[in-house]
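Naming follows writing order (A, B, C, D, E, F and G), and every chain is counted from residue 1.
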Amino acid sequence: MTQQLVLYPLLLQLFLSIILMFSWKRISWQRVISILGGILNLGVSIWLFAYIWENGTQTIQAGNWEAPFGITFVADTLAVTLVLLTSISGVAVSAFSASSIIPARLKFGYFPIFHFLLLGLIGAFLTGDIFNLYVWFEIIIISSFVLITLGGEKAQLEGAVKYFTLNILASMIFLTAIAVLYGLTGSLNMADLSIKVAAIENRGLVEITAILFLVAFGIKAAVFPLYFWLPASYHTPPSAVSAIFGGLLTKVGVYALIRVFTLIFVGDVFMQDTILVMAILTLISGGLGALIQTNLRKVFSYLIICHIGYMIIGLGMYTEVAIAGTIFYLIHDIVVKTNLFMVGGLIYRIKGTNNIKSLGGLYAEYPRLSLLIAIPLFSLVGIPPLSGFWPKLSLLNAGFNDQNWWAMGAILFASLITLVIIAKVWSNVVWKDKVELPKRINFRYFENLNKTRKIQLVAPIVFLSLISLYIGFGAEHVQQLSTRVAGELMDNQQYIDAVFKTGQNLKP
Amino acid sequence: MTLFDFIYYFVLPILSISIILIFIRFIKGPNMVDRVIALDLIVTVGIGFISAYSILYNQPAFLDVAMILALIAFLGTVAFTYYIQQKNK
Amino acid sequence: MKNRFLSNILLTFIWVALTGNFEIPNYLFGFAVSFFILRIITQGRTDAKYFRIVPKVIAFIFFFLYELLKSNLQVAYEVMTPTFNMTPGIVKVPLEASTDLEISFLANLISLTPGTLSLDVSTDKKVLYVHSMYIKDRESFIAGIKNGFEKRLLEILR
Amino acid sequence: MEIVLAIMIGILYAAGIYMILRRSLVKLILGIIILGNGANLLIFLLGRITKGSPPIIPGDLKVFEAAYADPIPQALILTAIVISFGLQSFAIILIKRAYKVVKTDDLDEMNAIDQDS
Amino acid sequence: MLIAILLGFLFSLLLVFTGKFFKGKPGIISAAIPLVLFGYFLQFIPEISAGGTIVHSYSWVPSFGVNLDFTLDGLSLLFSLMITGIGFLVFVYTAAYLKNHKYLDRFYGYLSMFMAAMLGLVLSDNLITLFVFWELTSISSFFLIGFNNSNPESRKSAITALAITGLGGLSLLAGALVLGSVGGSYSIDELMNSSGEIAASPYYILIAILIFGAAFTKSAQFPFHFWLPGAMKAPTPVSTYLHSATMVKAGIYLLMRMTPVLGNQEFWNSTLIIVGSITMVYAAIHTLFRTDLKGILAYSTISALGILVFLIGQGTEAALLAAAVFIVVHALYKATLFLVTGIIDHQTLSRDVTILRGLRKVMLPVAIAGFLAAISSAGIPPTIGFLGKELTYESTLALVGTPLLWIALILITKILLLHAGFVAGISPFIGQLPERFEKTKKPGILLWGPPIILSVAGIVFGVFPGIIEGSLIKPVVAAMGQDAGDQHLQLWHGFNTVLWLSVATIVIGTVLYFTIKPSQKLVKMVTRVEYISPESIISGFWSLFNKFSSLWTRIFQNGYLRNYVSTILVFLIGLTGYVLYNTANFSMDFSTLSEITVYEIVVVTILLIAVFFVVFTRSRLAAVASMGVMGLAICLIFVFYSAPDLAMTQFSIDTLTVILFVLVLYRLPRYLKLSDYKTRIRDGVLALSFGSIITILILEVLAQPVNMEISEYYAQNAYLLAHGKNVVNVILVDFRGSDTFMEISVLAIAAIGVFGLLKLRLKKTDQR
Amino acid sequence: MRTIILKTASAYLLPVLLLFSVFILLRGHYLPGGGFVGGLMASIAFVLHAFANGLSNTKTLIRFHPGFLMPVGLALAFLSGMAPLMFDLPFMTGLWYPEAIPVIGSLGSALFFDIGVYLVVIGVTLTIIFTIADTI
Amino acid sequence: MITEIIVGILAFLGTLFVLFAAVGMIRMPDTYLRISVTTKAATLGIGLLLLAAAIHSYEIAITAKVLVIILFILLTAPVSAHLIGRTSYFSGVKLWKHSVMDDLEGKYNSSTEVLSSGEEEEKNKMED
């Protein structure tokens, strides 16, 4: 029974998606199913996490075909951590969506697709098979296409075209990379690949394959110079959608980079240097972009890019401390970015716009809400001891150990830029006096919502804020987790043993 | 001359030539309908190709592909004619 | 009702032929599948008489195959010789056939055989426009069709 | 033959990319389709090709006795084709919708949102 | 001790929920917190002055070596008492100053948060923890400066202050990390023991620079000083508390704290002396050119901070003693002057020294406080200011090298500061009361009480320096690793150079006060050279940086999809090309390749021509039809190489795609705009390079050995275990069934998407 | 398109094509074919019918929205994948009825999975094409 | 052996007819003639080739299946021809210049999609 546990979050999401499809037009059912399902899923994910924390990496062979012949699902600490975070963000955004997504969109399959997206994310984190990963990626992509276009407004469509093309391009490169990998090894199981790729003599060929993966995942992770789709599209869909995108979509690219470059393509100095340079430029480029934006959600979009740099830079330095920093940042960023876009959505509900110039007066009207918003905002900046601070500490440490002044400089630079940007955002959105805007007719302003809807908007933000506070103040726990993950990643024999059931640390 | 040789040295080359000829018509047009006819015919010759190939390698499984081609090619033609007609409306 | 049953039987045979499994259970299964399919797609349709026409059908098939071969040789000749001896044109052929099935059947047969191509049926189903490669004169062409295909076909279908 | 196919696949990739770089949304999607086909053939070729022996266990046998083509690339491509179909059909509809809303299929005129910074 | 620090945070948290209660009169209850804390810290005086230190340690994030280690020694005790003591007075003052203010509760919240952060900062023994509190002071300062959030100037100043101190904070973080790595610990106590190694390490200079970066920004040293005058937008209690008495001294504190670790080195000392002296003179001169009371006080504060840095840079026992005394001096008189200014502002609604006159008539207690503070500031005996000044001259005279220059500089500074102190503390109260101020209301005791207490303290300490000498001042010096045992604070040192310097200061300063009156003319003079001030240079740099950001962003995010694609491809081609160039080795075994046949070549040729046709035709429909041909050719290739399932699927999918296209396309116009020739060539080259790389890659891979282990497993078990003979299908529904499941999910999602995309029409009101 | 020839042909082709589709579905485990191609064939049959007779006629023929087939198919596939969990076997493990069944051969969960695929493909294809045709 | 010969002959004929169709496709002077040629020759050719494959397999199951395919082709080929033919005409594809007559001219109303039989007009004429 417990062995099956690995797949429970995945199967639950699949089940939810199907059930939600059956309740197509009944949007009030959908709201309830989605939220309750999300809570259930959170429970299951916590259970899974606790189990893996106690018992170490677990695997399950779908179809009961032994590895490397079937598709293996691997729940190592990294995977279950991300599944847990997906569930956390997922349930928050479910509730947020229930209130903030207009019924017209709900009637056209918002919730089923949303759960398909979560399914794709969870699948991508759990799978131990490279082609299966591709398939999960496609689930993610197509769901995100649908979500990003649902409603079909002009901006949405223009953004979607770019989002679509560049993501498809990434998929094609990914597929090409898989083809090459299969041609070289005849295998798709990642643990098996780890062994077989290490044995290939033509290292140049391995390096090229690695580059293909780097570019494919780099596009998805929105790394410089591959990120263009992100600023072009993230601000266009409804906030709830942006929230799940901002929180999780790029992270799955980061996850894939981490997985591939710690398991399959290990110890290639050229690749690490490349990743490092990309990371540094990502930090800078994202920061510069965010600095000049006037739309709140665009600011956040560029900040996503900027902060992806933190995660990638750890991978580039490739030491245990650095990877731990990457993991910590990943954990922090998922929670905070999701929250941030929900905050954006809440502000939109209150004001009817996201243009910074037209915002203001939040402090006077909603002082407590403003303080609530301060939590994700300043967590993002990494004002110590809020959550963003600790991973930077790790990364800076790793940078110094590496004598990597460029990396340290970029990290500090990005921190400063983020600080300035958030200060400006705070000043303009919260502090500045209310800008009188013409009331939008039939717009569902926050103040006019009934209590349930208001709670559905605010409770997720409170929930995620509490979690990010926990990440900051309980940094010790998170750091232990990150260190453990980094340890597992640096020693990929553990993963391989778990997949082939050859290790001793496994319980039946 | 065995059947294999016959298929290999006569049937398939002739079919190849045919397909090229039809393809030339496809490129030349001059009307869209000519292209549609050519496309339809190319698929038909493709069925012939597959038949010959299944003889060559003694693999009747390929005939299933021929079957699918036959079933579906028709739909393509319908679609194209539908398109041209709508366009001319 | 009868028509549907016949269709069902016909489809069952197609099924058996497709699967190439001539055992009893496959007939039953094929029948079930076809029944189900017909059940899904059937809307009201006219009946037709099947049994007395079987010999005619066989004769017709041979007639058709002969025409087919003839037409092909003709075309082959036309294509492979350096000069064209064609006198093509579009002819309006008045129809005796009246039901959709009769008209379609006729039109398709015309298309499959010597140098002729059914372009379309008029909306009032009274005439068939046929394109032909060799038209000596309109009347003899029309007569050829009416006495050949149409007559035999209507014998079978009516 | 592998070399010919390798060149052909290279050309497919090149053509796909070239089409993606054009200004028309329709061309873009055609390019994506071509690129997708190139990728599928790439998987196929890199899984090594075998003539005339499909991976179907013949007749009454229970395992293969003769050589057979590697079934894995085929299965992968099948999956990839189907997925591409899903994406493509969505993309095609996107053209339609975009044309209706943005009133153009010229990609250069779809850059309002990137620039209002 | 943890509770002592957290008390402020807890209180501000409490205010979030009980803010209403504290908004009105009961707000003054808040002052109980600093008072209690002041009492708490007072009790440690005997122990500390006896040479003890109090250490409390709490585990927090041991993984990072970050723990809540608090050490109370002489230095931190002095600061703690200042923080809580002045804090108490400011809290009380605030209750009157912001009486009936809508957001009094918030103000108390920020203030107590700041106080807690400041306490944490000075008590932390752990560098990272110190940084944590350091940043918290910046953030609470941000909220306090921007408290009048309706005022754009105030918001702007808050951001500037945050940016500058944030920059310093990062510098501190980096410094702490490097220091921690070099010294092997984040504990300052332990670092002191390894100061020798640190000084010898190659990172010493770096560490020092980073620590300077933190200290100079926080303590408003030249050229980072300009945020401080800007911060005067904050309500006066904030100016008093943060920007004169406590927060700006955090940098000073840091330098003092680090002196035993990093000090006594040439680089350390000379940098501090130079920066400190520039700052003190520069800021002191600036006081002449201000008419706003707070502006004058701000610059005189900067100048005083410069003096402190200058003294710390001297690093001698005497200098450190002088610094310790001067901290107290400055805290007392500057806080007083700010409070006084605040009262004037509050009652008269003006801070312009050119019009404020004779206010003693309406606020005598305030005038007394102002006067006492001014003479303390001027260093006129018997104030404690006199003691501070004497010690300063004394230690400067003892400087080796060129003491004359330093003496000259400090003399100028002191003279100008005297002038400033008189202008701020005396001139508003003397002379004739203008008519407009006649109806000025008298301030209440809550307002004038605090400045009186502070200013009187300045006199008391000056007359009886023994009160603080042993209990507060000397432990500070001791905490910095020096023993000031033989020095004594006293007013009278006899007739010596120092005394003459003092006399000169007072005489020249007083003369100056009567000759140079602050005026708009002077203000204008300085605005003329404003463009070379650090502020405008830095803000010029900032706007240049913004322009660069725009440029950079526009270059990459230019809105053209094809440029995005090109960039990505160039990157990919560049990397792979580089690796290929370095490693490619063509070693193909041609014997393993399959033979080339006519029909294959024909199919390939047709495929390629079809592709070219798609690429170059101008008719959309022809392109689509050509895709059909391409599909068929691929289908045939699949047949040739034993993939019937693929062939079927490929062809059916292609047909369906064609149908979709057909249904969609006929509404679209013809291709209209063609890219220009150049673009097409460029794209062609790009595309062909990519294609070539793919081809080379394929050939390279094909030259590698094949591994069929997994395929063989499938072939062996497809029928026996999975009951199927079509291995491809068995893989699809069984061996890799999960893939297939997701593949159909993709389809379902796409269908839902299409449905939504076409059917969902948002109402105008639902659109953005 | 208003052509009685196509209309008549489609009326006869529809059942034949559907028959083909079932055939292709069922034998996929042994010969080329399977749920996917089978599903496509079935949808093509209906699409053809729609071309010849107009969409509304085809819709009345099917009686329910084809989109409904998607969750049904997914649910079928899901159940066939979940069934093994009752025997404490991993997701998607093949369960086989021990004896061969006439016509179909071995009966197992894989077949139900393939039928799920078949239904989803029909649902998807028809939903897409009908939606487009609807909104032209 | 005999099977092989039969297969060979059928394949030969089939190939030949396909070739005729292909040449016709190139040589025929107008669209209608091309349709005419291909529908016939290609259908026959492919039918023969399929038959050859069926006989070669020597399995009744496969033969039966091939017969179904042939039947299907015979069913659909003329319908395709008809569709393309009418579409050509209605979209204005011209007849070959040596064509002798065109009874279809002016009978089609593209907006109403009505193809007149011309009978009414004749009736009207006679009534006149």
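The rule is simple: a contact is a pair of C-beta atoms (placed from the backbone, for glycine too) under 8 Å apart; a residue touches a chain by one contact, two chains touch by 3 or more.
In UniProt terms, the chains line up like this: A = Multisubunit sodium/proton antiporter, MrpD subunit; B = Multisubunit sodium/proton antiporter, MrpF subunit; C = Multisubunit sodium/proton antiporter, MrpE subunit; D = Multisubunit sodium/proton antiporter, MrpC subunit; E = Multisubunit sodium/proton antiporter, MrpA subunit; F = Multisubunit sodium/proton antiporter, MrpB subunit; G = Multisubunit sodium/proton antiporter, MrpG subunit.
All of these numbers come straight from a predicted model, not from anything done at the bench.
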Third chains touching both subunit G and subunit D: B, F
For subunit F, the least number of touch steps when starting out from subunit C: 1
Centroid-based (C-alpha) most distant chain relative to subunit G: E
Chain closest to the middle, measuring from C-alpha centroids that were averaged per chain: A
Far-end chain from subunit C, centres as C-alpha averages: E
Inter-centroid spacing, subunit G versus subunit E (mean Cα positions, whole Å): 80
Rounded Å distance, subunit A centre to subunit D centre (Cα mean): 28
For subunit C paired with subunit D, centre-to-centre distance based on mean C-alpha positions, whole Å: 40
Residue list for subunit E, restricted to those that touch at least two other chains: 550, 553, 557, 559, 561, 565, 597, 640, 642, 644-645, 648-649, 652-653, 655-656, 659-660, 663-665, 667, 694, 701-702, 706, 708, 710-711, 714, 725-726, 728, 732, 734-740, 743-755, 757-759
Residues of subunit A touching at least two other chains: 14, 17, 21, 62-63, 131, 135, 138, 142, 145-146, 149, 152-153, 155, 161-162, 165, 169, 176, 180, 183, 186, 188, 231-232, 292
For subunit B, residues that touch 2 or more chains besides their own: 15, 17, 19, 32, 36, 53, 59, 61-62, 64-65, 67-68, 71-72, 74-75, 78-79, 81-82, 84-85, 87
Every chain pair meeting the contact rule: A-D, A-E, A-F, B-D, B-E, B-F, B-G, C-F, C-G, D-E, D-F, E-F, F-G
Subunit C - residues contacting subunit F, complex: 7, 11, 14-15, 18-19, 21, 23, 25-26, 29, 33-34, 37-38, 40-41, 43, 45, 100-101, 103-105, 107-108, 118, 120-121, 123, 125
Complex contact set, residues of subunit B against subunit G: 2-3, 6-7, 10-11, 14-15, 17-19, 21-22, 24-25, 31-34, 36-38, 40-41, 44-45, 47-48, 51-52, 54-55, 58, 60, 63-64, 66-67, 70-71, 74, 77-78, 81, 84-85, 87-89
Residue numbers on subunit D that touch subunit E, as the complex places them: 1-24, 26-28, 30, 33-34, 37-38, 40-42, 44-46, 48-57, 62-64, 68-72, 74-75, 77-79, 81-90, 92-97, 99, 105-108, 110-115, 117
Subunit E-facing residues of subunit B, complex: 8, 12-13, 15-17, 19-20, 23, 26-27, 29, 32, 35-36, 39, 42-43, 46, 49-50, 53, 59, 61-62, 64-65, 68-69, 72-73, 75-76, 79-80, 82-84, 86-87
Subunit B partner contacts - residues on subunit E that touch it in the complex: 597-599, 602-603, 605-606, 609-610, 613, 619, 621-622, 625-626, 628-629, 632, 635-636, 639-640, 642, 644, 647-648, 651-652, 655, 658-659, 662-663, 665-666
